[in-house]
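Look at the two complexes coming up: chain A is in both, with chain B in one and chain C in the other.
Showing the complex of A and B:
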């Protein structure tokens, strides 16, 4: 019985890994060889493929994706933390409403307002730039929800009260007491936002149609139409697009899992 | 006791204005950003859905005509809804059951728990573009690995047209979703299992329950809330299915075939994107699609909550 469980687990895990393996192996071969048979072992063409990829706009696109994700993380974490702190640790009129508001915002899919959003961005004059892809993170409902929970659980009220009696200003309390304590929560939220903004496909696809501002998912999916022959180079590009999130994940896998499960187990 | 109260009230009197202002200031950026970048577009889209507008010319108010046309005269919309539901019926049960099993097995491992967990979450964090490419390569008719294997082992005379057949193309998309989400389901279930107090299991063992019986009678019922959460969220996400089918048909083969063979892989969001940005710019009509989808999401998530929540709670 035990052996059977192990076999199942190993098979499923291998199936999880297999496509990654294929992707990496394919990026080390010459495209023509990919058609001849099943590439099982890595080839020695990786350098050439990378060269092909780097000759295109890849580096700029990579930079775009990094800009978007870093900006998204900064802005989403900031607004979420502030609103989370307000709801979790203050008594004020409308607190209940605000909390309900954050929860309700989680239920509205972004696609519902997609067309309105794009028109709005055009009116603001930032239509075909990176701004629309970044600004959508300015109010991140899950982030607000996550921070309310996290701050409520991790900061004792007495601590805040003590700081107030000692004459610390409210921004001072936030900056010097709250932020240091919730560092793990900030890290969790930041990794999640990075992941989701990095992998986002639909929004950049419909807002950006200028090659200068492409992000990685759009760039790579368009690569097929531009030079449709060099599959191996595309696989190399994909591998490089996957590496940052993979690294991020392996570095903080515990943080990651915590963030992903945050909504489920509590709610 | 009373001394503490005096200190507190004195302190609160002293900062009478301050603390009252701060929570509002702290909440402002989020609320303002939500109003500006999400709520306003949502309302604007609704207004648009009552108009006929191609994005450039003038808007014509037509009331609910877009909705009427959508639900009664747009076979493509109905088909996209149908396709989405079929694919959801394929991947939700499988992911749920496999995810639970995987979590149960992994949870009771003595060694290698973390490794298995980490490996299986990898697909979830991968760029959907990569998943689309890899799967369209694996299931390609001529060069695909799956067909090569089938032919090599003699299970098929020649390659199967996986991506050109209505049912197999949907199945491949369902497979992509399963492959991607399995690890996520697994860690959610595992997180739920850590919350179950161990003495429940102790008691069960003392009473002579073991193995599958314990799993069925204790683990599964106690994880009910988690299952409800997973079903509801995967219904919500499933109705918004877009990346996987779009990338499967725009990946390896490089063709830009909208909707797959005879539109059997067209999902509602794909239809929406196509009507508004790719084949056409019917913004009013597309907004009506988006709102219909929203309505469906509300109805379906309430329905799936009702159906999966325990009887006592659903009253």
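Showing the complex of A and C:
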């Protein structure tokens, strides 16, 4: 029985990893060879593909994506946590409405507000920079909703009461008691925001009109687009773009899983 | 689990589901955008010089200054052209942003709607050129400060660069007259000749084409067919059928598509077409394998289409004109944003790169682009008589001369319309079905075409 479970796990793992393997192998071939069938063994064209990718400012674009994602994580986690803590643990007028509002904004597709958002950014004087792609995370409805649920379920009210009785200030309670407890939630949200902003395509596409500020997805979609699509070079770029996200997930997977399941079952 | 717990559980799972959904959506968006950029495949280039093609108002190029923004997908072209341009116009700075042609219109529309960045020089690729013209964002080039003379370019190209009001709002990046690339080895083996002049005589009409195709299929035991798929045949037939099928919101699809679909189904039923879809891996690979005789090809094709997919194929390809008439394949129009602050500088670049003698010469020698400017071909005749970069690949045939002498003369220009892209997308959605299901007949196919068209363009009156 145990062997069967292991075999199933191995098969599923292989199936999940196969696309990644193929992506890496494809980046070592000439584009035209990719069309002759799925390549299983690595080719000898990796150097040339890397050259194609790197000669067009890949490193700067990489830096842009990192900047955007790190800033997005910082800003989204901060605002979401504050919103979550306030709504979950404080009684104030309009609290329910606020929560409803957060849920409602989650249901509005990004595309609907896109033009308005671009106009807003232009009036703020930050059009054509990285700011529009970062600031969009300052009001992140899913993050707010997630943290409301997470904090409501994982922080007992009694704990906060005890802290207050012991004389801890409100900011002190937040920093010393709440934040350490919700670490798994923070890690989960951070990972998701990182992934999301790393892969974001539409927003940078329409807000950034200077190649200097392109992020990875837009850059990759622009690789080899004249009459012939250089898929192999794109695969090489994708491989390089995927690795940090994979690493991040592997490093944070323990806390990440804990965060995902927290609140699902309550003791 | 009590009710309370269920609702909490739901509250936890629901957002994750939403998140997963949206992540998946992001993924597919990306892959869509990268799926078939090359299918848009316009032609590159342009050219022609000539005094009549209007010079910018300022007589001294060094006096003209400013920074112009260009959105282009072909960075290599601009990187090559800008230094040449700056030799003559040292004080005009050209900033290029690389934009994928698949995203071009969306990005442009967002920019216009939000009043933020819009390029001064706008490119309209075949797939969305009609839509772009219809947005009314391009300046009329026949007015000041451009004063472009429509008589300076090849007559047949005028409809390709005019909007529905008949104003010339763009210049061609390059002319895109198309014929067929053919496999010399197969033609020699099955038809006894690989000479383009002889082949022309074998396929003067589509009926003759079908007859030769049937003969080819029989002689090769079904191993060699005429076209790799219905898509190749249909694009030729559709583009050959130059009719003015749009009048306001009245769209006469019968006039536009009946004849092409009828001929296509004759070919399909004769079994002379393969089953490949355009721009798929199998389609690309078929070029090197020698399974099909013909591939529709414009001047951008030798480099980007044939030699790219059959790198070992030097000497085994040829170029012959299509039965009945030439047709356009691909093509990009270059216009100037009507609210641009640097119109003169923008026109200086467009005129230099795509119409001037210096720019056209540079463009042809480096990129194989052929300008639409008539005078260029008179002044630079020797350039086209000399061997071109891909002539050897095509068995020593002078490709530029063949295009100019054999195909261009019977070219007709198609009026552009915002419905062109709808026709295109319906066509691309339907021909794979016609490939798979041989029971569909031509009449039913046309009706289906109209229904699908109406779904995608509900505002149109289709007949």
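The criterion applied here is as follows: the second predicted complex is superposed on the first by the 209 of 267 C-alpha atoms of A that agree within 3 Å, B and C clash if a C-alpha of one lies under 4 Å from a C-alpha of the other, contacts with A are read in each partner's own complex, and residues count from 1 in each chain.
Methods note: contacts are C-beta pairs under 8 Å (C-beta built on N, C-alpha and C of every residue); 3 or more make two chains touch, one makes a residue touch a chain.
The shown structure was predicted, so the numbers you read here are calculated from the model rather than taken from an experiment.
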A:112 touches, of chain B and chain C: first, second, both or neither? first
Most chain A residues touched (candidates chain B, chain C): B
Touching partner for A:66 - first (chain B), second (chain C), both, neither: neither
Touching partner for A:34 - first (chain B), second (chain C), both, neither: both
Partner chain(s) touched by A:46 [first = chain B, second = chain C, both, neither]: neither
Which of chain B and chain C A:240 touches, first, second, both or neither: neither
Partner chain in contact with A:220 - chain B first, chain C second, else both or neither: both
Contacts of A:149 with chain B and chain C, given as first, second, both or neither: second
Contacts of A:201 with chain B and chain C, given as first, second, both or neither: both
Chain B versus chain C as contact partner of A:74, first or second or both or neither: neither
Footprint overlap on chain A, comparing chain B with chain C: 34-35, 114-115, 119, 195, 199, 201-202, 205-206, 217, 220-221, 225, 228, 234, 260, 263-265
Interface residues, chain A side, partner chain B - complex: 1, 5, 8-9, 12-13, 15-17, 19-20, 22-23, 26, 34-35, 37-38, 78-80, 82-83, 85-87, 90, 92, 95, 98, 101-102, 105, 107-117, 119-120, 135-136, 138-139, 141, 144, 161, 164-165, 170, 174, 195, 198-199, 201-202, 205-206, 216-217, 220-221, 224-225, 228, 231, 234-235, 238, 241-242, 245-246, 249-250, 253, 256-257, 260-261, 263-265, 267
Contacting residues of chain B [partner chain A, same complex]: 7-8, 11, 15, 18-20, 22-24, 26-27, 29-31, 33-34, 36-45, 48, 55, 98, 102, 105-106, 109, 114, 116-135, 137-138, 142-143, 145, 148-149, 179, 182-184, 187-188, 191-192, 195, 211, 226, 229-230, 236, 240, 242-243, 246-247, 250-252, 254, 256, 269, 272-273, 276-277, 283, 286-287, 290-291, 293-294, 297-298, 301
Of all residues in chain C, those that touch chain A in their complex: 5, 8-9, 11-13, 15-16, 18-19, 23, 26-27, 29-30, 33-34, 36-38, 41-42, 44, 69, 71, 73-77, 96-103, 106-107, 110-111, 113-117, 119, 281-282, 284-285, 300, 303-305, 308-309, 311
For the chain A and chain C complex, residues of the former touching the latter: 32, 34-36, 56, 106, 114-115, 118-119, 121-122, 127-128, 142, 145-146, 149, 153, 192, 195-196, 199-202, 205-207, 209-211, 217, 220-222, 225-229, 234, 260, 263-266
